[in-house]
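Beneath this line is the structure, given in structure tokens, with notes to follow.
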Amino acid sequence: MKTIGVVDTTFARINLGGIAATEIKNNYTQIKIIRHTVPGVKDLPCACKKLLEESGCDLCIALGMPGGQPIDRQCAHESSLGLIAAQLMTNKHILEVFIHEDEAKEPKKLIEIAKDRAKKHAHNAVNLLLYPKKMMDNAGQGLRQGSMDAGSLLEE
Amino acid sequence: MKTIGVVDTTFARINLGGIAATEIKNNYTQIKIIRHTVPGVKDLPCACKKLLEESGCDLCIALGMPGGQPIDRQCAHESSLGLIAAQLMTNKHILEVFIHEDEAKEPKKLIEIAKDRAKKHAHNAVNLLLYPKKMMDNAGQGLRQGSMDAGSLLEE
Amino acid sequence: MKTIGVVDTTFARINLGGIAATEIKNNYTQIKIIRHTVPGVKDLPCACKKLLEESGCDLCIALGMPGGQPIDRQCAHESSLGLIAAQLMTNKHILEVFIHEDEAKEPKKLIEIAKDRAKKHAHNAVNLLLYPKKMMDNAGQGLRQGSMDAGSLLEE
Amino acid sequence: MKTIGVVDTTFARINLGGIAATEIKNNYTQIKIIRHTVPGVKDLPCACKKLLEESGCDLCIALGMPGGQPIDRQCAHESSLGLIAAQLMTNKHILEVFIHEDEAKEPKKLIEIAKDRAKKHAHNAVNLLLYPKKMMDNAGQGLRQGSMDAGSLLEE
Amino acid sequence: MKTIGVVDTTFARINLGGIAATEIKNNYTQIKIIRHTVPGVKDLPCACKKLLEESGCDLCIALGMPGGQPIDRQCAHESSLGLIAAQLMTNKHILEVFIHEDEAKEPKKLIEIAKDRAKKHAHNAVNLLLYPKKMMDNAGQGLRQGSMDAGSLLEE
């Protein structure tokens, strides 16, 4: 049985961890989930690494919602670098699921993007762990999380 | 008994470490505090790592007050990356509490931001160590440090 | 017998891993290939490191197709830094093959660039592993992947 | 007896290492100094790490004088990140003392800034090693190196 | 007997490794040289680290010629960070010798810069290994590679 860590933030304005965890529970009975919440995106790398190394998680999903100011973009950038470093130190994947507050003006649209992105990456997480062939079958297919797929250019 | 390291700078124009340490002492009797002061924000990562590895701290709060020039933003960015790296090397959290000198023009307002941010993160620090469920209950609630909470979008 | 890991993404709109793997298979019978696919470019560093350390690969080719927005450039930058870090942690090369979606407006042209770049780097990968002298003979020759070679300035 | 490594560059247009080393010698008889010079600021992190790990230094002062072009700022940024990484790998402080060539137009003013910054950080280095309470007493006091102190906002 | 690794790229339009290696051979008989060539600047960090750890090199010279586009500057930046990281992981110096294609419009001028920079850094490499006092004697002397020395400000 595989364990997925789901880490989100109190800064986010949408319960992203809840969306991802529910999507996994509803679709895969053989996955155990451990949730954790930190203040902001810069706290995600450490929390994920602890789950991967100290709590036996096989993969983490790191969810956050950076604000729309330049300083927020920088925080997200720093967090992303930390998440990649944490993966390299553990040899385990961490899927980053960031929804930038300026991706949409309407809260309704932002929620829609967030749900689509969090749910699709929940499936990616399970596929990376259990069904790598499913991932490979979609190589170069222009898949998107948070919007419609872009599709393959080769078939245009 | 848990120990929290509180590290601040001589560059800052507000005694940020004092604010954070006092907030913890006033609210949690079961936390031991070790304070340390360095010249500037770029010295924070090493000081925190030493406290976490050599002085038995379970978590650190790193407080600084970068200036308003581009070079200051770059220093803060470098420090942030170092603080994340230090966490990944120790598997212990470091909460970054930076107040940028250009967040407000009036010293009075800047002090207000600083106090609010330092105090709220003092509670975050204790919650991460002792009350993780409190953190998880606030997942996606749009909490802010230094200003009023933004709130959850799902309830709009 | 040497093993090359070929890792690409579902985000890409061209099956880059397929192009690189086929080029190697068609030209070098003595190379074993292991393919892997991840969601996006930021997942490449971890996937490559796992192939290098856990699956016995001697070198990896990491292929991706970042979008044309600033946020996409930043993702590519973060991925590049991770790919370099993974190499330093394993002492094995990872050739980065990124095609930026804004390198050409016409899909046809973009596919042409992608094929040229992926194929040429497939040969670079084998040369680095088996024929280092071939690489050294081309030192300073202005070789390009994705376009015509620029050539040496010394011979102008 | 504590040992401080003083590393500077041949690129700098002021003998920064000499200023720092002299300031320490003139004020603290109980400190041993080891000097080293490298070509440019990007060579400082490795030189400092070698002094800290191979020559028994307890702390290093890294002095450089980046030029005024964008490429120079980038070099300084890369060096700063390396200096922070070196500290995290050794658990020893490295005080960065950079004077940017565009901080002043007049050579005379630049020399004045350089001397003030190098000397003040020489004292910071000794205080970090031997008198941590002196540092803590100045927490939040708005100290500056290279100019007059900004002072505490709380006392305005 | 000391060994210097000389690593360059097939992307460069000038045989930079050849220039550096020849300069060392012509001036220092007691230095052994190992050459290696990689596709581009982002492949330099791994190649240098392998030479330092697997081939017994005591120091490396990493030579490359980034293009003049923003993406090229970013590649150079990523490579520089990797070169610094490789030094910190090995405690051995890597001298970066980059000639940016937009440093001059005329190929003739670019070649002149490249030769001056590569040759001067070849001497720096030997001095760092064998004659550290020569380096220290030039501290703060405003030495430049690729152009005339800027000189010391203290003597103006």
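Order of writing sets the labels: A, B, C, D and E. Residues in every chain begin at 1.
Here, a contact is a pair of C-beta atoms (placed from the backbone, for glycine too) under 8 Å apart; a residue touches a chain by one contact, two chains touch by 3 or more.
Please read these numbers as outputs of a predicted model, since none were measured by experiment.
**Student:** Touching chain A and chain C alike: which chains?
**Tutor:** none
**Student:** Using CA atoms for the superposition, what rotation angle relates chain B to chain E, in steps of 5 degrees?
**Tutor:** To bring chain B onto chain E, one rotates by 145 degrees.
**Student:** Look at both sides of the chain B and chain D contact and report whether the same residue positions are involved, with over half shared, or different ones.
**Tutor:** Chain B and chain D contact each other through largely non-matching residue numbers.
**Student:** When the C-alpha atoms of chain D and chain E are each averaged to a single point, how far apart are the two points in Å?
**Tutor:** Going by mean C-alpha positions, chain D sits 25 Å from chain E.
**Student:** Centroid of chain B to centroid of chain C, CA atoms only: how many Å?
**Tutor:** Computed value for the inter-centroid distance: 41 Å.
**Student:** By the touch rule stated above, which residues of chain C touch at least two different other chains?
**Tutor:** Residues 81, 85 of chain C each touch two or more of the other chains.
**Student:** How is the touch graph of the chains shaped: line, ring, star, complete or other?
**Tutor:** Shape = ring; chains linked end to end, path closes on itself.
**Student:** Could you spell out the chains in ring order, with the walk beginning at chain D and its first step landing on chain E?
**Tutor:** The chains follow each other as D, E, C, A, B, starting at chain D and passing chain E next.
**Student:** Please output the residues of chain D touching chain E within their complex, sorted ascending.
**Tutor:** Within the complex, chain D contacts chain E at residues 8-18, 35-39, 42-43, 45-47, 49-50, 53-54, 65, 71, 74-75, 78-79, 81-82, 85-86, 89, 107, 110-111.
**Student:** Help me check something: in the complex, which residues belonging to chain E touch chain D?
**Tutor:** Touch residues, chain E against chain D: 73, 77, 80-81, 83-85, 87-88, 91-96, 100, 121, 124, 128, 132, 135-136, 138-145, 150-154, 156.
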